[in-house]
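To keep things simple, chains are lettered A, B, C and D as they appear, and every chain counts its residues starting from 1.
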């Protein structure tokens, strides 16, 4: 069965390593913070200028001057640092953030990503997404494998305006985990009960299925 | 009579205006701080990262972590700010410093300055001088009008490697105050008792003498 | 002392000299760290044809959003403008021009403007609509876009504490774009929560040295929260 | 927690991995704010053919100057090297290469290296020997030189206080080049006067966020004064 949003977040959380600095985008990526594996510690970077983002505040802790990149009120952990937007993106652009997790409208087999603009609809802007995909050491994209009409979001070539070029390394969808390499999507894992055929059918871009493809494990 | 070093500094101090941020180079420029006119206040910038440089410390105040750009121990005034070298030169390069006073080996009639290197002698390096002459809103050069052999330091074209191009606005020598404008040195003031003829004779570059040239006033 | 006493006592004095057609750089991220009173003063002045550079354009009825009501903004340079309906309406009707700029590039363009760096290369936006019409270059095997600096006739920012020299300290994440905006204005006006005596701010802990600041005014802030999230503990 | 405990307990561990031919960026201005123990460790290791990037090269017998004694430095990138005789001797004999870089350009090159900006334009050095062989460009009527960023295999810096996450605070003007150097090293090693618990440093008052720092060691510093000047009061 296709994964729930929480399960996608749980699977992404398995990509975390001890000591990682991680930037989590809005939506499913935000949920990843709830599933950090036991025994490892990661530091969350919020691009408005906070390294060491903590949970939402209690009513007593609520402070309008303490927000995250989603403009939500947050807290800072012990050992956090707060800095300017220029410093924040120096970190991001300079490759100091180990992992960025973000959503997307489309990804293609060359690692291009489209996530910020659908022509004809209102243009909201890219925020920090273009800097994040250009700067982080590792980019994991989370999204549904296909849209609500069944159209694949894993394409030969993105059709929407790009956010970044050749930057996506890994994709976690509700159906599969895939690695982008050598101009193809390499299938690594299937969601429990999802067949390779279904993944193949919902992947418009070039899919490489090499050997046995295990089901994702959620311990 | 030719001005003493202190008198040159006194004359340069007349260029200060209330509220100026000023960077003073090593040597005579440093002395300018002793002659800030009554009723005005300036803020001294030291390019190693100090805005609001104060006097030398007392023995009790001495601190190895508190130095100026000449690597001398100093103090900070109330209202000082301390910052990184990148921030310091952001200020300088960005044109936020109102006035830079520095020495030179040569200046030419196009406002070029040579102040950091004499080929054949040891190369010590330019330090912050190239950034200062490229960045400050106003550059005043202090130097003797001629070298010890009587050779003019105010030239048609600098002969030594340049520090900056077309940046010098005003020159205060032991003999005169001159403005650099339209490819010529415009004589503004003479040192007390110094004749226009002597200044002319010791100025190798194009000198413009327009109307009466007053003697410098030291009130 | 007069030369370094940058404190003004009215919003009229704070924004004196602002004229139609000028460029205003504003600090803030969403509604966090915005100079509420200075924005209100611009609305009151009715200045028009402004180019406003800010990460966001407030929301309907608050922050920079109020400058849309009387169509004071001609062009907006921002990274994200998805928070207000009036913005959308004016954009679609062609009354408002927008230049979308990646957030990190926007921050760096302001810093560069203040720091005398007229242009810099960044990988951000290469191969995307952001790079269209811009010079690109391959350096050590990566592709980069040349981005020009931004400066403004005015910068309006918010800080926590200031002294009369204009030295500033920001509070928590309300820092955001404020330090860079401060450096990039010909006239930088700061609205603060508290004015302290010189010497009260530890020199090495000052976020924005006073050299970047021309005017300081004490404000009162609503500090509206855009997305109030709390946990039950 | 292991992943963020960056404190090491020996200079051997602090500089582990340094190899012949590497580039080392060092913080400090003159003898102020230099990582004395890390420099001593490099001398002890005997690593050679180093490219060292630092505003100065210490003095004879102290600071980076001690790395000249056994000819460990192949090339020096600096703005001012006029303080030691051994440097002069090795330079004149051709044993040592020097790339003189204006101080502000050097600071910005380090910052750019850490910030993912591969190159930037600056007016500094236009028309001088510094611009020779470099691309120049006229932008809005002024002439600029394109300067590439600097990064290093190691950065060695000194700070006042650190926590185990590598968050740093610098003391007075010993800050100087240290924050930029910290960002520009693949492995950044910090020698500090004091290690404090996480949370003791106010988040918004941290000069260098720990993300830039890989290793922290507590040092003991001589803090030699280069030009002792005092007034009689």
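In this text, a residue touches a chain if its C-beta (ideal position, glycine included) is under 8 Å from a C-beta of that chain, and two chains touch if they have at least 3 such contacts.
Since we're looking at a predicted model, the values are computed, not measured.
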### Task
Please give the intersection of the contact partners of subunit A with those of subunit C.
D
### Query
Which pair, B-D or A-D, has more C-beta contacts?
B-D
### Message
Quick check: how many Å separate the C-alpha centres of subunit C and subunit D?
### Response
32
### Chain centre separation (subunit A, subunit B; CA means) in Å
55
#### Entry: Separation of mean Cα positions, subunit D and subunit B [Å, integer]
29
### Query
If you average the CA atoms of subunit A and of subunit D, how many Å lie between those two points?
35
#### Entry: Touching two or more other chains - residue numbers and ranges from subunit D
108, 111, 115-117, 122-123, 171-172, 175, 203-204, 207
### Query
Counting only residues that touch at least 2 other chains, which ones in subunit B make the list?
50, 76, 82-83, 89, 92-93, 134-135
### Chain-chain contacts as defined at top
A-C, A-D, B-C, B-D, C-D
### Message
Help me check something: in the complex, which residues belonging to subunit A touch subunit D?
### Response
17-21, 40-43, 45, 50-52, 76, 78-83, 87, 89-97, 134-135
### Query
For subunit D, which residues are in contact with subunit B within the complex?
29-33, 55, 78-82, 88, 91-92, 98, 100, 102-108, 110-111, 122-130, 143, 171-180, 207, 223-233
### Task
Spell out the part of subunit C that touches subunit B in their complex, as residue ranges.
1-4, 111, 113-117, 163-165, 167, 183, 198-199, 203-204, 206, 209-212
#### Entry: subunit B - residues contacting subunit D, complex
46-50, 55-59, 62-68, 70-74, 76, 82-86, 88-89, 92-93, 112, 117, 122-131, 134-135, 161-166
### Message
Under the stated contact criterion, what part of subunit D meets subunit C in this complex?
### Response
108, 112, 115-123, 139-140, 142, 144, 148, 169-172, 175, 203-205, 207
